[in-house]
Amino acid sequence: MNESMMGKELTALVIGGGPAGIEAALKIACGGYRVVLVEKESEPGGLLRKLYSSFPRWENPSDRIGWMVDDLKRNKQIEISLESTVESVARTDNGFNVTLKNTATGGARTIDVQAVVLATGFGLMDLSAYGEYGHGIYPGVLNSLEFEERLREWSRGLGKAPKAVALIQCVGSRDRSKGYPYCSKVCCMYSAKQAGVVKDLFPEAKVYVFYIDCRAAGKGYEEFLREVIEKKHVRYVRGRPAKVLPDGGRLLVRAEDTLIGIPVEFTADVVVLAAAVVPHPETAALAKMFGAPVDEYGFIDHDLRSHAKCADRVFFAGGCGFAVDTESALSQGAAAAAEVIALFNGNG
Amino acid sequence: MRERDADRVDNLDRLVDRYHLVENLESCLQCGRCTGVCPVANLSPSYNPRQIIRDILAGNKDRWLRSEEIWRCFWCANCYTLCPMDIPFPLLMMQLRYEALENRYGEKYFLPFRRFAMRALEDGLTFTPGGARGRERIMKLRGRIGLKPWPDISEKAKQEYRELFEATGAAAWMEAIKEEEERPVALTYLQGRITDAKKKGG
Amino acid sequence: MQRKRVVEPEDKIREIPAVVFLFRSCTGSLEYPGTESAVTETLRCLEVEPVTDPDQTCCSGYLLTCSAHTPEVSLAVTARNLALVERKGLDTYVFCNGCYGYLKELSHILLHNQEYLEGANELIARWGYHYAGKTRIFHVQEMWYRLRERIAAKVVRPLNGLRVGVHYGCHYLARKYDILDDGGYPTFHEEIVEALGGTPVFYKERQLCCGYAVGRGFTHREEIVQPHLFKKLKNARDSGVELITTVCPGCNVALDREQPNLRERYGEDFRIPVIDLAQLIALALGVPTAKLGFEANTVPLDDVLAKVGVSE
Amino acid sequence: MIVAYYPGCSLEGVAREYDRSARLVCERLGFGLQEVPDWNCCGATAAHSLDHELTRGLSARNLATVGRMNLATVTTPCPGCSIRLKGAAMEAKKEGGAPEVMHLLQLLTEAAGTEKIASSVIKPLGGLRLAAYYGCLVTRPRAVARFDDPEQPRSMDRLLQALGAETVDWSHKAECCGGAFAASETSIVVDLGGQVLEAAHQAGAEALAVACPMCQVNIDTRQREVESTRGVRYDLPVFYFTQLMGLAYGFTHRAMGLKRLLVNPLPLLKRKGIL
Amino acid sequence: MDTDFYTPMRLDEVESPLQDEVEKALGIDIETCMECGKCSGGCSNAHIFDFTPRKVVQLIRLGAEETLLTMDALWVCLSCQLCVDRCPSGIDIPRIMDYLREKALREGYRPSRPAVVLFYELMCSCVERRGRVSEAPLMLRFNVLTGQYLKDLTLGIRMFLKGKLPLTAGKVKKMDEVRTLFVSWHRRSVKRG
């Protein structure tokens, strides 16, 4: 990094401290520019921080997040603004006037930035539309993020060991009657991962995954999936369960095994619903502030010419654009950073 | 009642693959190449190798032991030849047949083989013509075309062949199966047949 | 017709052996004795000396498929028969798909399961046998193919473009067990027919199983084997096949013996003669028909013989 | 509020007590029920299984009659009739106006509201543990019924709670009882009705509350048969929810026709001190 | 001769006039089915169906009309509407079942459960005569016609004693209006049949 570049006082605002946001911040800082990273939680790490394990290598995501956050904190070019949200935005000639609000103290401040990276991530849909699965009604029915938490508890020896677990894929996703016709892309793999983890923790437990298609397109993904089936003995049943019924303190899952064509039942202690991936509600509001387009579901749409750009001086990365796995989130973060650096290097 | 995914599936290895010849059943991708190439499945829809594997993985082995379907396999091994995961489906059939017979299902399908095997114990050769006249006819024919009237098989060979049957218990086991007793099997040949009115009318 | 192959037969059978062990087939000796005779004659014509052993018994592979007791008995019989061959230091050549498939399969099981191998060897040790897996198992058709040029050179009765539909039989195509032909799209048989001056007919159902192994006359004759064979033979006839050649006496039984029953059931009389490829080669090489035992066939060969120019 | 009232055939027959209790309860809540004059059968499962047009015609005639009454709302206690009428109204709305069709449960919970229902209670049903059983057609199909959640309905639970009763969370709230096969394929009714009874029993319910004559008939009259098939004694009375409302509003059990139930509810009610 | 035995279905020859029919008459697009089986998993009676609801939908796509019109599932479907609300594509399977039932009767297929149809027909004829259904005579006629004189006798008596089976029921006054509907139904069945 040479002297002259250090002298430039150009700043990028990164909104969202998940893997995509952190990666973008780190890379922009490597390019020699200043970064303000805004995160609404009290800790950076995003969704990744909540995960117990990762695919396709069974790594502990906390390790990776730990290294990244360390890098982040060591980097003098980056200012981390935790428990903060964007209050208002005014576009200027060469950037934005952004007011940040601290949700803990209530204090506000305004900064000048010359580019913005939106990395607000994704969330899971509200499952109350699925009365048949009884999420929020039966205590054993969890969505996949709640289940990651449960896995963490189990790994620490807390809670009752399950005798059987059922994981249901495509809850919400690929359901046009509920308004989510799209495939959420990551559920196939994380369900396989979760199923494998359960088998690791409790080899005696029976684990069933109910799927429609297994979409394992990615380096090492199919092998990962087959490992889960063949080595860890997780059973895959093709069919979307129709109903979860409480049954003597446990949960009875009713489905059709569409590969044999007969109705089947399975009793589980925990039923995990791989809920559809949806954008956070604040994403659309933020996008509006920065003049970025969103699609019909509220995900950010990209500019015609670039996959990381959504408006003038506005870029995005990770789950706010669509469901992504960790690897993709990181690449998208790097790609957005490259765009920012190119912009700053060019006409700053 | 509805089928329950049985509780016993975790001991699949012990339950189905007692001879440790089909250890990779779980790797089945359910792609259906086996069924596509199977000559029997092409004639009788209720015999579907892919579904049999799926059903056995779901723990419904007993249904198949009782079935008549497992006796339909021609053992042509086309399924094994084409299987992307190298699942020796014929060996699975074989083990199911062993177990079926142990439970005395489908004996009537075994009896013709038993007859052959019992005769083979005498001759050391299988598919020998039955009855004195058939024997005589074939011996004449062989003589005419310049072969020894009876294939060259030594007494030693016959003796050792018999002893192998006795040593493995096969002879006694086959002896014990009575011709007249048999337990009924379920399912029918054309079950699952799909028809089309348009075709039939035209 | 020459196909490019991944494995050339010349790689597997590098030098043409002067002596081979010929594995006797029960059906080939007792149902269609002409097969045994034709194979022996043809090998001799091609300057390969077949050796047999009166101590060899039936391969008994069918006991495995029909589940006569546990696999041990079939494994022991196989180990014993192959141990006999190993003693002679020869490779095993088989002229029946049943024997071929079962020997391949059972020896594979033996060689990949230490326990089974030890068990079988223990059983046969009492007579001083030991099976170590040294003898290689080939089908005689693989030998015919390896010698196709020698065969072509020795043809004295060319087939005059006889339309021959071939039947491979499933066990010959067991490509999991390291066979020489292409299990997915085999052509050895057709190439040999061509070498003899015949016209091979690539009918659609040429790779369809004969249904003999379990079906014919045993368990599901009425329901399964007959419609199955009807499908195959109808397709062969519609493709203009005048003669079907097989490489397995078992397949012969199903395809030949079942034709009157098909006539009864479906009212169609195919009258397609079915013989072994060895018989056809022997015929073309000038072996007297008296040695080929065609009278064992249900469907007579008169038309075929006339076309080739042999008068009986 | 004056509402057109379409009782349906069952309410003249097997479900007379439903009809009677519904009328009394509605009156108490200030709904003036005006019976649709000269109404005809909706055709039920029979007609729509045989001919779609016929079903449509039968319901259209009823709807037209309601139209001549100049009332905004028509209610029916039978879910089968209500779904047919709702379907007809949906089509009629495309071509012009049509009255609002509401199932009686819908009318009472939506138009009256639980507060109003609770305020009229004289004798709360304290300590009675009920399983609210909705069956299929009260809430299904979603697009036609437009009422409550088809998978996890709560309206009747809230209504019963307003009467002072406890309701159990259970699994078979909206599963099928066997419906129209009561006479023709009894084994199906015994199978499905048995599942419903078993679930209610497991959830600890002391009785069921229903909003459909078919559900009541199937689960009440076939209960002995279910018990002998399953080898379990359930003894769960099956009330119409209007009967329970009536009891809470101080009507006598005779007025509510409780004696007409095959599984005798009186011992339970006495034990609970409600009678 | 060829059809003496089963041959695999020829996908290239599959035409499904039925699928077009279903699309035109009912406005249901079969192509939206992704075969997830959610309909069949929750179906009240799928465990006794010969073809589960998912298969029924797929059979329409395959044009297997005869199979559909003769299947047992047609007459054990409860029309409980569980499937339609759960279908991710919103396919109205009960409506399809209605349509198939209608068609099967119109085209003269023998229903696998004659009792079910008989009951429906008796019920409709009851409506045709009186405009309303009167349950006691209906049950009585049903039991007589199916020859089960003693079926549910004790239950019937118990119900009768409880006043649950009144022998008379209301009658529609303007029966001509109701009859018109039935007349056009019969005309339809005759014309189509």
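As written, the chain order gives the labels A, B, C, D and E, with residue 1 at the start of each chain.
Simple rule for what comes next: contacts are C-beta pairs under 8 Å (C-beta built on N, C-alpha and C of every residue); 3 or more make two chains touch, one makes a residue touch a chain.
As the structure is a computational prediction, the values presented were derived from the model and not from experiment.
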item: Contact distance in steps, from chain B to chain E; value: 1
item: Intersection of contact partners for chain A and chain E; value: B, D
item: Selected pair, greater C-beta contact count between D-E and A-B; value: D-E
item: Reference chain C; chain at largest CA-centroid distance; value: D
item: Interchain centroid distance [CA atoms averaged], chain C/chain E, Å; value: 57
item: Whole-Å gap between the CA centroids of chain B and chain C; value: 21
item: Gap in Å, rounded to a whole number, between the CA centres of chain D and chain A; value: 45
item: Overlap residues in chain A, where contacts from two or more other chains coincide; value: 132, 238, 243, 254, 257, 261-264
item: Where chain D touches two or more other chains, by residue; value: 150-151
item: Junction residues of chain C, two or more chains touched; value: 227
item: Complex interface listing, chain B residues touching chain A; value: 2-5, 7, 9-10, 24, 26-27, 30, 50-51, 54-55, 57-58
item: Chain C to chain B touching residues, read off their complex; value: 24, 26-27, 29-31, 33-34, 36-37, 52, 54-58, 60, 62-73, 76-77, 80, 101, 105, 109, 113, 123-124, 127, 170-171, 173-176, 183, 208-209, 211, 213-215, 217-220, 223-224, 227-228, 290-293, 295-296
item: Chain B partner contacts - residues on chain A that touch it in the complex; value: 204, 206, 208, 226, 229-230, 233, 235, 237-238, 254, 257, 259-267
item: Of all residues in chain D, those that touch chain E in their complex; value: 9-10, 12-14, 16, 38-41, 43-54, 57-58, 61, 136-137, 140-143, 150-151, 174-176, 178-181, 183-186, 188, 192, 221, 224, 259-262
item: For the chain E and chain A complex, residues of the former touching the latter; value: 32, 34-43, 46-47, 52, 54-55, 82, 86-90
